[in-house]
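Here the chain labels run A, B, C and D in written order, and each chain numbers its own residues starting at 1.
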């Protein structure tokens, strides 16, 4: 019984962990909390609707390309001009951008949710003893693990990764060794876009529709998860997201019925408690500007 | 309080320069006799009260808060519960918990209800503020956002008291344009007084330089708690007035959208000045109404553009442009009174500050 | 033609003038120092040459080309590498990563690899700790790393800002020995230092910078009479 | 704000150490500042003066040792509490409140001494006069020149009516005339306010002109303590400033 809850919670936690990663990556290179990140996921969802009838590899590739293009445009048109402004201005800029994309989607796709035909091949359930594991849970957990490992290798082993980490630590010094900050930041947005597209595919595969407002709840979770996990540290961010998803699912499973409706309230009260104990996050990165 | 004469003079100037144009605007709108314009002006002024409340904390402390709308919501529900006529209460709230049963046979006139709601909001703000004001930067943003979520969940799910997801009905609809004008005048007068007297100035000092503030004995948590409590109470005034203005509302009335719009209006107006709060609301609201008119009925040669979301989309685009072109906001964070002061000491104004 | 030439350099932050009317020059293969105590504008001068601040007036020419106001990356690509004040190594990168990131402006991977190998030959301690997080190195080791990182870009001019800052005296001696070796191998060095005596002794020529940003003397050589004259002036011992 | 009826006569550090990740920035420093005296704290860049300063004023935690104000142990106190008890510092980078006027900056300091409204204003103007910047009272602090900004920072600290005033390189970046005037001002402040002064300064002309006792640090440790005349001829001091190769 409890083991079943834990399996389900790990599935949700993995998805949430993936959501926080893209947000935390951009934050770590330019100190920007990108509220429009959730809209990238929403755009990924609409890309899936448009490409639903295509072969699976076209669907995946098309979704990733669409989201990455929007992510890059965001950086170039909206965030680059405010890069030196205060954190508050950057945050509100990303909020305005999120509004813009959300409302543009509403204008383009209509106010009602658009149905997304289910991927029946993903809803297979496996039985192990008296435990159920859905294929989707397995895919989510695997994808998250692979993404975390790939991201870690990318940051660790490639030139662009080393440059990204150098810029994260000391922007001025990274300029002095000749790192082109524009290119580094743009590549962070590319990676962030790829992650958002992966989140979109995992998230909407289990949903029946995509709506212009789908991105809102996702960014909230990612935002909160990244901050309580520890900004500027990828491991911390992923952990924060995982804990958000895990705790939420466990609360829903374990709380008595009459309190279950308050699961969100309890979760967010816990968030406040965590922040008060560790304002810099569970795994605090050194020298991150907040 | 032993304020110097100069302080009182500056307070009178700032309050007057901000309130009088608003009164003139309200009178002009009233004279048009157009109901829809009067309604729009009323709700804009009420919204302005909430933003002034937000400024009182965030503007003076430099710490972001997403919670002011939560306090507006608390005040709106509190005032509603206190003022709904006794005869309607049993059918609206059949299952009040034992500690609130007295509410069923209790009702006060709307002005008193609003006052009590503001006091209650201030009390709640003070209590949750004790831990929350210790947070800075993004942690403060997340902490206050989390508080907003908690309040929203409680309001949505505590059916016995808040009617849950059903709307609040039976709330006396008494707020008029004039109530809104009085409300904003009070909010501005209090906010202006606060930031010119010692508590507010200490909070501003902590925003300007936290280490320097500590070095002259300023206790940052204490000053933030004062500003937070006052700001949340002002936001509560706006919320209570709003409740009695629309008369039927639910938690979604005070959701994330309103939260982010209020913060955005403050930043667009220019974070750090009361003038910025007032200007931000005016500019964004006038723009929004203008766009909404185009969307629903066209304007002059511009045809009607009936796409749901087009108003919000263009508004977001314009907000984005303002932020990109003027990251410090329209006023740059300066008060209207400094334009006069600057002229006075013009010969000494050497070079630009860095 | 001088390798580096500053003419009438003026640097101001808003109202505050940090450097006023600074002239100096440096030839290929020279080791030149700029000394002076805190707050006289030495660091501002370094930042202006490196492209981190835009001078209010005056010119900075490198190989005859004006570079003032250009981006740091552009200036580095022209051949000026900086060892900044406080070293500023990337503490969360490994020693090897710090070195490779120093070669960002170069393209040829095998040549970079060769430079890396020659660098760890010259600085054995960096080879020994190549996989270690740079933040774990001692102050002296970090200073070696900062210099090695700058050399990885194969600069024509090495610009150092207070390399002795916060180091124990023996370590300072080591740093100066290293600079002497680099000089002997033909590297052009421009050293900005507060540690006057050692800078004077190590360099071919030196400039003394005084408050108000005016260069007061341009002295040659490093004989002891000269040093004690500067010393008296430098500490204001004589004026009390 | 605080009851200062029993004004402490000494501000002392006993064996204070501050280590950052294994680096001994301040290593076993003991010094004592007396009321009514001006103490200099000198040493080459990176010697640990600023860290010691930050530790005494509560901005950096002590690794070991004790800071006392009179008989009271103030180690581990918050900067706010330390300044409320009469130990007030200035900052090298001035840290004035740029958006406020010069007078408002100083009034905020006066509030710490419990002076508000017209009283606080009058007291603040008096301090501005003492520092010869009263003509700038209504300027926005962010617009004044560097030298005047330093004075605003000092005036703000003086307005708190400190028993001990700690000044972090007040003369950095000032020209010779400004520096000399500043030295005179510091002496006047001490004479009028009867406070102890701890002065970190690079400009030896200031140190030798006004300090009655000088403490010299290098690489985190004390290398000499004495009167200006003793310090001037101390071999260890000269070596610290000119490197080990010299002598």
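Quick note on the criterion: contacts are C-beta pairs under 8 Å (C-beta built on N, C-alpha and C of every residue); 3 or more make two chains touch, one makes a residue touch a chain.
It should be emphasised that the depicted structure is a prediction, and the values quoted were computed from it without experimental measurement.
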item: Chain whose average C-alpha position is farthest from chain B's own; value: C
item: Chain pair showing more contacts of the two, C-D and A-B; value: A-B
item: Rounded Å distance between chain A and chain B, as computed from the means of their C-alpha atoms; value: 31
item: Centre-to-centre distance between chain D and chain A (centres being mean Cα positions), rounded to whole Å; value: 49
item: Inter-centroid spacing, chain D versus chain B (mean Cα positions, whole Å); value: 43
item: Junction residues of chain D - those touching two or more other chains; value: 143, 145
item: Multi-chain contact sites of chain A, meaning residues that touch two or more partners; value: none
item: Residue list for chain C, restricted to those that touch at least two other chains; value: 15
item: Complex interface listing, chain A residues touching chain C; value: 159, 162-163, 165-166, 168-170, 172-180, 286-287
item: Residue numbers on chain A that touch chain B, as the complex places them; value: 33, 78, 81-82, 85-89, 91-93, 95-97, 99-100, 103-104, 106-107, 110-111, 212, 216, 220, 223-224, 227-228, 231, 261-262, 264-265, 268-269, 271-272, 275-276, 279-280, 290
item: Chain A-touching residues of chain B, taken from the complex the two chains share; value: 64, 131-132, 134-139, 141-143, 145-147, 149-150, 153-154, 157, 256, 260, 263-264, 267-268, 271, 307-310, 312-313, 315-317, 319-320, 323-324, 327-328
item: Contact set on chain C toward chain D in their complex; value: 15-16, 18, 37-40, 135, 139, 162, 164-170, 172-173, 176, 194-198, 201, 211-212, 227, 231, 235-237, 239-240
item: Parts of chain D lying in touch with chain C, wherever the complex brings them together; value: 21, 23, 44-46, 143-146, 169, 171-176, 179, 202-205, 208-209, 219, 228, 232, 241-246
